[in-house]
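In the two assemblies presented below, subunit A is common to both, partnered first by subunit B and then by subunit C.
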Partner chain A sequence: MHAVKATNKRMSKEQWLAYGLLIPTLLIFALFMFWPFVYTIYLSFFDWNMVKPTKEFVGFQNYIDVLSDPNTYKVFGNTFLYIVLLLIINCSIPYVFAFILDLVLKRYKNFYKGAMFLPSVISLVVGSILFTWILNPVSGPVAIILDWFGVEMPIWSKMDGWVIVVLSLITSWKVFGYNFIVLYASINGISREIIEAAKLDRVPLWKIFFHIVLPMSGATGIYVLIITIVQGLQYVFTPIKVITQGGPNYASANAIYHAYHEAFVLYRTGHSAALSILTMAIFITLLILEFKFVERGVHYEN
Partner chain B sequence: MKTSRFKSIPWHIVFMVTIVILIFPIIFAIGMSFKPLEDAYNNTINFLPIHPTLENYLTFFDSMDVLKITSNTFIIASVVTFFKVITSFLAAYAFVFLEFKGKNTLYFLLISMIFIPFSITMIPNYLVISDLGLSDSIWGVILPQLADAVGIFLLRQSMKTIPTSLIEVARLDNLGHARIMKDIVLPLVKPAITSTGIWFFILSWNEYVWPVLILKTVDNYTLPLALQMYISSEGGTNFTVAMAVAVITMIIPLTLYLMFQKYIIGTFTSSGIK
Partner chain C sequence: MKSFLKLFSLISLAFVLTACGNSSDSTDKDSSSKGEKTVIEYWHVNAETQGGKTVEELVKAFNEQSETTEVVAKYNPDMYKGLMQNLQAEAAAGKSPAVVQVGWSFLDYFSNNFSYISPQEVIDQHFKDDSTFIKDNFLENVMDLAKNSEGTQVGIPYSLSTPVLYINRSLLKEAGLNENGPQTWQEVQEFSKVIKEKTGKHGFYMQEPADNWATQALLESNGARMLTDGKATFASKDGIEAYQLLADMINKDKTALHLPWDQGVQSFIDGNVAMAYTTIARRSQIQQNVKFDVAAVKSPAWEGKEVRLPAGGAMLAITAQEEKQQKSAWEFMKYLYSVESMAKWTEGTGYVPPRKDVAEAENGLKAYLEENEMMKAAVEQMDGVVPWTSFPGDAGLQAEQLLLDTRDEILGGKVSVDEGLKSTEEEINQLLK
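Presenting the complex of A and B:
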């Protein structure tokens, strides 16, 4: 009995200490994450422009406006295209690369890791400006080399489709190495015995990848998958804002940029908030996935 | 053991080509930034400065208060990093070594914030910062960033590797949590703190989205914002100056990376999701 009481007492003291240690974090999160989240939901039901002294309650009108605007569908289509492209370039390819580096390549491992990760430490604004010049359709080096082969470089910043491809490539330049390193760590952590046994049994490389490595690094795989989707939404904001401002005619805008544009260029906070909430709805679905697969699937040593 | 039946040469070529593509833009920018404009503009293929000049850098220094802009960037990155590391360390300690009600829910809630799109918080945060009179001030950029879920995650992962028996023994010796934190946990997770700190510094140095909403006057800008003034989809005429600004913007993160490469890569290889 005494022991139980003592533990309880210690527990409660420990609890207070824990909350104390968490207060700085919780304060910042409450003020700049949780509260804004609630406030954005609130704003999505009002007509406002950030300066008017009063906000006018309009019910679901903002959602109706946003959902009846053809540009919204264009922008969500673009968002989807960005995500698909980044999943291919930044999730599938790094996965294969990480696998090859771990299993096939014996030399220059550290060099490859270091060099691939390098662009991840550079600002995407720098990336945007460098590629704007390198991929300049008239005088850039890529255009000149293509010209040698008689291929004309498309004026990508003015063309539907192309503009998304190029902005995705610029974003990939920055995040490729990060995803590669995270995936490599996970594959490298897989027990060697299984892989060596498979190698001895002369199991083909692709089978080792699909039947051993993919399932055993699955938790990280899903983490990178979700991070890539976040990047597909979030990271592309910078090249869009810096290079095209969403143009031509919304052809390169994604959901986040569109929400920014509505709020800080057109001053329609209601539309912007409604758009963000809709984007969030997609996100919550992903979070549930994350909780189901990543957190549950994670195996901690302790 | 020999694994020569998996042909490695083609893969080495694939890796080398990828690395050339990834590194080329950096070399290109450095080379172009030392070229006279006409020289660079007429021949973008040859990025080697044959007649090297500093005029592009000087033009940038003439057009803006570069020292002020660089120090803004430095102050923001340092203050943000300092506080993020402290708040993350304290929170991670609570999550790993203490028992309290709602622990898992709270952890999940904090971590899920990593996945909240920026657009959800931008309007309210902009309004709060304006109400506090901090718009167009570097403190307005700093304030919302004093805590970070990624930091909690990385330091928690690192603390989880400390054997619980070590802490239990210390508890039996009647060591308080303050002592355990300072004398046992802190030294053991120091490498993780260093690498997380460097990573935060680099991220903050490069940050664009939030500062661009808050900072209005050029004197209050950070380097990425100053650089952005030199971009248009057509490229504009300040090509070589833009390259010089790009070089100045990336020099600090690149140097930090080259110095602490092992640490930084280590953060993501040892304490990544298992």
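Presenting the complex of A and C:
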């Protein structure tokens, strides 16, 4: 009896210790993630302008408004265009680069690694301001160089489509390096014997990439894929805010920027909250699909 | 296990909530009186880099010379909106500062939702000597800026900015044009054509921030009105004509630029655009960075018509509730509106002084304006200043946004001016109903 009681006591002591150690994290999570989330859901049912003392309950009206606004669909269209572009620039290309750097190149590896990672440490606001100048279609250095070849730079910041491409490029300047280093580490970890064996058998490089490297670094690949989508969309916010403010006529706004715009520029918090919740719903659906169909085929080494 | 986690997150949530509640209580301090002096609070939005130092200087100088009043300056982050929110919280707690800065776009909101007292009323009650202070020292059109839609004088204009035309004199000279710049919008168009032909550079850029400030100046100077009796009326014949000129310069003549604000001003500073129409608040940025002969001239007019320039900035209003505090509030405001204080304010912030006589006075801005020629244009055009139109009601900001969206459509060449303005006007009137 005594012995059992003692272990019970110790167990609960250990448990309390474990929970005690969890508290700081839980507090931070509660403060910065759960509470704002709950509050956003709450706000999405009210008509409020952030200053008024009273919030007016409107039921699902905000959701109806958001779903019947043509701009919402434009913005979601933009969002997916951003995702596609970012996946190409920040996931596929760094994958290939990392592969080439690890297995094909022989010299200056460290230089390339450093050079490609460097932009990740610079603030994106600074980067955006820099690029506003570099890519100024009238007087920026790029425009001047293009001018030598008789090419007139399009006024990208005011053209549909172009503006998304350029903003994605600016964002990738920040995100590329980190994704690249993570993928490089993963490819670097693949057993050399397999690759050497393949090389001896004169397997072409593209086959090595698709049949050996890709499957064996797939776990990291998935991680990069997801953070590209999620983080990329958040990072895109900065150049949108600094350079175009969502213009021309919402052609560069993504879902996250649009939610910000509704809440902090137009002070339509209900609208903004409804849009955020819808965005969240879409992304949760995407994640579930990802776990169901992509994750299954991924090989986890450990 | 799970229930434990839930419990903890609940506890932590509760903790967070109570912590928030506590912190807002503890910041409130009693501010009634300090010794014999009446202590009042002055709420402003000027961060360190935006004139905050000047605020401190002025308050310190005031406190040193005043025998009755001690002012405590309180900075409110996030500009006029932030101040409005803090004021809301303070009012909910049954308190209020004595003097606050209110941005023009919050004029109606402020007067509908907060209890304030018109400065003239305080003067009439307690300061018989000052009874004509406002009348004597302010232009009537400037005082009108601080009247709400019912015509009540809510406060007194304090920080003012107006749009001016910056010109690259070197480039104008190169193109063989009058170095003093164009006087009318028609001339602006002509000048731009010549500049494009002679130098290959662009002629003109009009600021495109997220508001319709400059657009209002362009349209209203031609006789159009953004708003008449609570309804949007900018798509009148005059309004369309004015907008057409800008759209033509961009899409037909290809002499003007359609760019975001920063890139546009940058291109002017680089010397790639000869003329830029933007706020006087950009003066120091432009002055410090250009490498050519730069000047600022008054806003162009339309031939035979008077200019109407919307004012940016803020006013001061009295929100003190007790008589003693109200008296102190006016004493402080009178100090802020003295020639010397106004001059300091202009030097520290780049705003145009709202009262008369500051520009010429020896103890005012005389010496400063001789050195800063560019300020002159803004000071001289004060008689053309009109209130910055804000669309009324809860949908006001949305209406403003619709007009911005149309700007992109029109200047991007996607719709005609006529069609764009008319359909937007209709949409806005639908919203304002």
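One rule holds in what follows: the second predicted complex is superposed on the first by the 273 of 302 C-alpha atoms of A that agree within 3 Å, B and C clash if a C-alpha of one lies under 4 Å from a C-alpha of the other, contacts with A are read in each partner's own complex, and residues count from 1 in each chain.
Please note the rule applied: a residue touches a chain if its C-beta (ideal position, glycine included) is under 8 Å from a C-beta of that chain, and two chains touch if they have at least 3 such contacts.
Please read all numbers here as calculations on a predicted model, not as lab measurements.
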Partner chain in contact with A:Asn49 - subunit B first, subunit C second, else both or neither: second
Subunit B versus subunit C as contact partner of A:Lys199, first or second or both or neither: first
Subunit B versus subunit C as contact partner of A:Leu22, first or second or both or neither: both
Dominant toucher of subunit A (residue count), subunit B or subunit C: B
Which of subunit B and subunit C A:Tyr267 touches, first, second, both or neither: second
Touching partner for A:Gly127 - first (subunit B), second (subunit C), both, neither: first
Partner chain in contact with A:Ile243 - subunit B first, subunit C second, else both or neither: both
First, second, both or neither for A:Ala30, with subunit B first and subunit C second: second
Touched partner set for A:Tyr112, first subunit B, second subunit C, both or neither: first
Intersection of the subunit A residues that touch subunit B with those that touch subunit C: 15, 19, 22, 27, 29, 31, 35, 50, 129, 132-133, 136, 139, 157-158, 243-244, 247
Contacting residues of subunit C [partner subunit A, same complex]: 4-5, 8-9, 12-13, 15-16, 81, 84-85, 88, 92, 109, 113, 202, 210, 257-260, 262-263, 266-267, 270-273, 394, 397-398, 401, 404-405, 408-409, 411-412
Touching residues on subunit B, where the partner in the complex is subunit A: 1, 3, 5-6, 8, 11-12, 15, 18-19, 22-26, 28-29, 32, 41, 44-45, 47, 86-88, 90-91, 93-94, 98-101, 103, 106, 108, 110, 112-128, 143-144, 146-147, 152, 160-161, 164, 177, 202, 205-209, 212-213, 223-225, 227-228, 230-231, 233-235, 239, 242-243, 246, 249-250, 253-254, 256-257, 261, 264-265, 268-270, 272-274
Residue ranges of subunit A touching subunit B (in the complex, touch as defined): 11, 14-15, 17-19, 21-22, 24-25, 27-29, 31-33, 35-37, 39-40, 43, 50, 97, 100-101, 103-108, 112-119, 121-134, 136, 139-141, 144-145, 157-158, 173, 176-178, 181-182, 184-186, 188-189, 196, 199, 202, 205, 219-220, 223, 226, 230, 233-234, 237-238, 241-244, 247, 255-256, 259-260, 263-264, 269, 272-273, 275-277, 279-280, 283, 286-287, 290-291, 294-295, 298-302
Residues of subunit A defined as touching subunit C within the complex: 15, 19, 22-23, 26-27, 29-31, 34-35, 49-53, 129, 132-133, 136-139, 155, 157-159, 243-245, 247-251, 265-268
